[in-house]
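For reference, the structures are reproduced in the following blocks.
The same chain A turns up in both complexes below, where it pairs with chain B and then with chain C.
Then we have the complex of A and B:
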């Protein structure tokens, strides 16, 4: 009898467990419309609304196993005005059949115009409220209107949008041409109020390029001239955010230099050229990799705080148009080494000057190191890194180590060939 | 194996329905009058209706007295009866020669209780009655039909002995004696059923076995009060502690080498006629997870297979449950490529993911069960029909998505890596429990069922030995749990069976 009562009790306890916790909010994966990229714009006519553009992936495109329906397009784009991107999920359902899901939202696209707006930060912080938006989503800035950007962005081969964005952003990080630009980093830097945040910069509009013909890899998105039959979109350079507001755009070269100075960023392979010290006509192609961690010494005790940075760089020489035998000549190697160091130091110093004078803040994440010099947070806040930065005494030294000289070190003697 | 069990059960039923033995003969002793005695036995064995019971009258010339032998011809060796019993008796001329000297049978015993004599005859003895003697002479001439020693069928190994037990206890004991040539090996016998008088052999090494464990086993065997226990598979269910538990607590093996190595570690094993297996007592979780080959293969290979096996175990338990949980509750965990692929294949499937997986899981179990039951010539056909037609057609008809076929097939295939049939069932049943809780509660459900399962396993004891020993609780042992060590480092016998001598060998160092 007692056993029966116990059993009855257990059942009574179990039933509410099923009813209360159960699977009533579950939804099958195919019942969602997955937003891969979301564009956020400021409509010109209305101050209090934003314009949302959804890029929705069609899971069935390019899937052989599902059988039939092979002709469906890989994506669907919808753009409309709304209060914010939280309520927009419902409003979109007036057109889109499935429930909008941000589960796969990997990229937030903001137009440059909106990013430069004072009020941008008010809207972007909605991303911290929305349950489904991941903090590792990327923040990207486009030169044009996001709707236009998304419509113009038509990858020829990577037709599935999530694949395209994932690949091109990853590759941009590896080559140092675009910054990592995580949403969480944006919030962290904005809230720390000490450094600059770099966001990915992209556009689908080509512009006629006039200035700076000397260095062919110093450009930003839109300035790259190319022909052929391919996508119109360029990912190049970075948008500079100060205190949650965009202030400028860095070129590819500047972005790469930032990678070198910033201890939190690593580019795996930077292919770039340097002027040849032996013949001014030519440039030497090199692969740059960080050779260990940069040595950053910050002294905050002095009246003018100082930063000494030593950047170790491994340089692999990949071309040799002047046909000089530096692989076997230590003297020439020394010259080469020195010329690389000087070129890099010069560029880095220019960038530092630009950040100190123009931006009045650093995009290098140095405040994270400087923070450790203070015992308490109020002390650190009283120091006011951003305010002190423009006056700081910054010394950059580059420590170049020469790596391989291509697969074959030797080069034929030009004189012997042309005799 | 399942087939065998079921048919055995049926037989068991028939036996219990048969009429009870005559109670009045229980305490009767035999009459000196041969005529009277034979009358009693004719009655007991319903001769001549009973076809194979033979009562042969003969005379012993030396004694000049009529005599008779009784035996059952289907379970005795005619050669022995003729050459060693009848012939010497008929040709003896010495009047004072004793029966022991005349008959050249291997064993001779005397008995005067009719009931005991009948039992002996039932076991293949020949009973000799002589006019004027109030006791019977019993000669062992038993010859029960049985298979020869054959190859293993369930616990196959590539490297190592291939012999398996058969249904004859004497052969099985011989196979063990062949491996342990020690005077310390004791084969005790006990009768476990009232009517069929089934013999049980308790085998152990007397210098190792823990007395308490031995008493425990003997007590449980003695306390049985049933008419018949045909074989070990049935005995197992009589003596185990938790009859409703899904985890087995006795290890059932058909390999004499495995049984022998357990005896050498201080375990007790049980052998019965009609069982091509032994029961090893006690059993821990690890003994089900191990296979005989683990110690025959060289260390790296053995541990490689061990790791594969534990991987297979977890795949079996979790694959389908994880799929259901992740797809219905935690879609954000899946990489975009995979999520979109799953969403695409599920687009036209009419069922929720949980139902879909259940359909396939049940289909798989059906194929498996049906595959066991079909006569062997049709077996492969069923496999092809099951796997190809069902899987392929179900996908094409959009009943299930192809990913589910992969997941269920993977889980099903992995389940075969756990060789022991009892543990195999335990894992398969737990898989359904996992799946059910995953489809209701998601990952939380999987976690809680797994934790509950672990708690439960920790609470089980097999003949006083914790189920997960020596891992939890920790005991001195050779630490042969998930992976094994080199043979030289396996110094200790398992501490949890409390053997009299804990050390197997001197250590390497």
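Then we have the complex of A and C:
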């Protein structure tokens, strides 16, 4: 009798296992087509539609466990016109056999043309309504059509698309060549209506124009000239958004300078060159890291508000083509230090002038610091940071500290070798 | 052992009260606070926590004065049978409304954030089935379940908190006073009833092992609940800033959809089951208190048996509103505004009457 009761109990406990495992939303991994990246475009002939491009990953490809299924391609791409990216999930099923899922959507790709459109913001806010799209998805802007971009993007070694995007975006952040560009940050900055948002800029189209010969760092995606046998895609620079609409593109150098000024961004490893103060022909390779936090003082009480920024930078000198002897000569190190500071200050001031005059808003997140000067939100909103920014009095000082001089500190005297 | 039958000790009481109050950070309570208070919504919790000290203090003072009696019996004794009946009836309506609205919200959370395709009534049914099953088992069982699952709720919560703060930015807390000091005070006090659950917890006094349980238990749980809620509410600001936050329906669920731990993304699937367990415990307690009050009002001795019918009633009322995300949001706000003065003034009134009646002297004479 007791046994029977126990058996009955077990059955009762087992039933919820079936009922409670998702009800109508029960889903099998096998039954889904996982969209890793979604492209959004504006078709030229139709104002009220958008063009969606899905990059669907094949979970079986490159998976050691699957063994036999090695011949399947790692991805599938479909592109079509539709009303929005919510209904498109259904329409795609006229071609794709599996149900479309945004669960693993990592990156939203928007063409530059659409991002510059007034109406872009109307469609991007669908992402807050669609329940499967996560707020930490990345937002990326491409120079060309997203369909063309996704088709042209053929990584040679990282063939699994989610792996490729994750790695190249992470690396771009570490080196300061592309911004972080989360969807949640985009919404936050757009809604706060005070600063500029920076999105990742990328393209698969090479421009014929060769990059700026004076400074090889100063280019954006598409301008980098390279040969060999590799992927066509370049991730470089950032798309500038003002009030939810794209207005311009920053080069790698400008993006890196923004990283230096913006307290919310950190780049771990910036490798760049400076002109050599001892010989104009050469450039000195350096590794830049933020040496502590930047000191930003904002005075909002004055009639023209002022911002004083002190950027502490640790510079490691990695090459020495003019073959100077820094090890024994502190005066030379001082000159070097000065020249770095001047070069950086000049570039930073140029960027600031550009933001004040051209963009009339800042991408540095300084409004967050200015907010601390106000007691209440109505006061802060009445101040209207974005409107005041172009007139502000901004002073930048750079505080360079020289770090290591490479693995080996000194190099032989050129004079003695060429004796 | 015989004595402790059907009674709960201090750890169970603390676990129950912490679960039913802390789960509020996962529903639309933060949204209600942030809507009017911008980025200073978290201050409302601190202010309310401080204000709540008074009603709890008075309740403890009054109710422990009558040994072994709970809020129901004391109300009857202080206000007389007729007035006492009206007050208890009003209290019952209050908790019934709260249960209906809260369960409807939780159903809406599940159906809009997790199980989109499942019919609402099925989600509602399963939620109430689990809660009614818990409530039917009695307070002792609820208490031991609450105590058992408590660490499993608190630890994931702390993990979520650490991840959120790591992703967030503290500058979003400024301007510090949000909409202005005066608005914060006013709006906070109007939402005092976030802590009104304490009033209902005093109904359970006869089921507690000793009188000291309610005394110590209330203070301990109030302290930790305020900490939990404040930490969670500030971390929401850290992550989203006030503009985005004010537009969200259920910030907690947006948070767990945004954070990730290294290569582990889609963390919401990890937090969802723990949250569900907390939800079941919360509504089991609500249903139990509902039935207890109902049983007293309508002289039903074995009140546990009405729990299933109450649960069914709640489902059918709860699914009536269209677009629950909006309508229930306003209904909940209204209920909170109505319950706030009740929660504050009822204990004051009880204390005053007890004082006038001279019941406190009676206690001193006994000692």
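Things to note:
As a convention for this text, the second predicted complex is superposed on the first by the 391 of 419 C-alpha atoms of A that agree within 3 Å, B and C clash if a C-alpha of one lies under 4 Å from a C-alpha of the other, contacts with A are read in each partner's own complex, and residues count from 1 in each chain.
Keep this in mind: a contact is a pair of C-beta atoms (placed from the backbone, for glycine too) under 8 Å apart; a residue touches a chain by one contact, two chains touch by 3 or more.
Note that the structure is predicted; figures quoted are calculated from it, not measured.
In the superposed pair of complexes, A:103 makes contact with chain B and with chain C alike. With both structures placed on the common chain, the touch criterion links A:409 to neither chain B nor chain C.
In the superposition on chain A, A:292 makes contact with neither chain B nor chain C.
Legend: residue contacts after superposition of the two complexes on their common chain; A:8 is shown touching neither chain B nor chain C. In the superposition on chain A, contact is made by A:136 with chain C only, not with chain B.
Chain A uses residues 22-23, 103-104, 134 to touch chain B in one structure and chain C in the other. By the touch criterion stated above, chain A contacts chain C in their complex at residues 19-20, 22-25, 103-104, 128, 131, 134-136, 184, 187-188, 191-192, 263-264, 368-369, 371-372, 374-380. Across the complex, chain B is touched by residues 18, 21-23, 26-30, 32, 34, 36, 57, 59-60, 63, 65-67, 101, 103-104, 106, 132, 134, 160, 162-163, 166 of chain A. By the touch criterion stated above, chain B contacts chain A in their complex at residues 327-329, 331-332, 336-337, 339-349, 352-353, 395-396, 398, 402, 439-442.
Looking at the complex, you find that chain C touches chain A at residues 38-39, 112-119, 122-123, 126, 169, 171-172, 174-181, 239-244, 247, 254, 257-260, 265-266.
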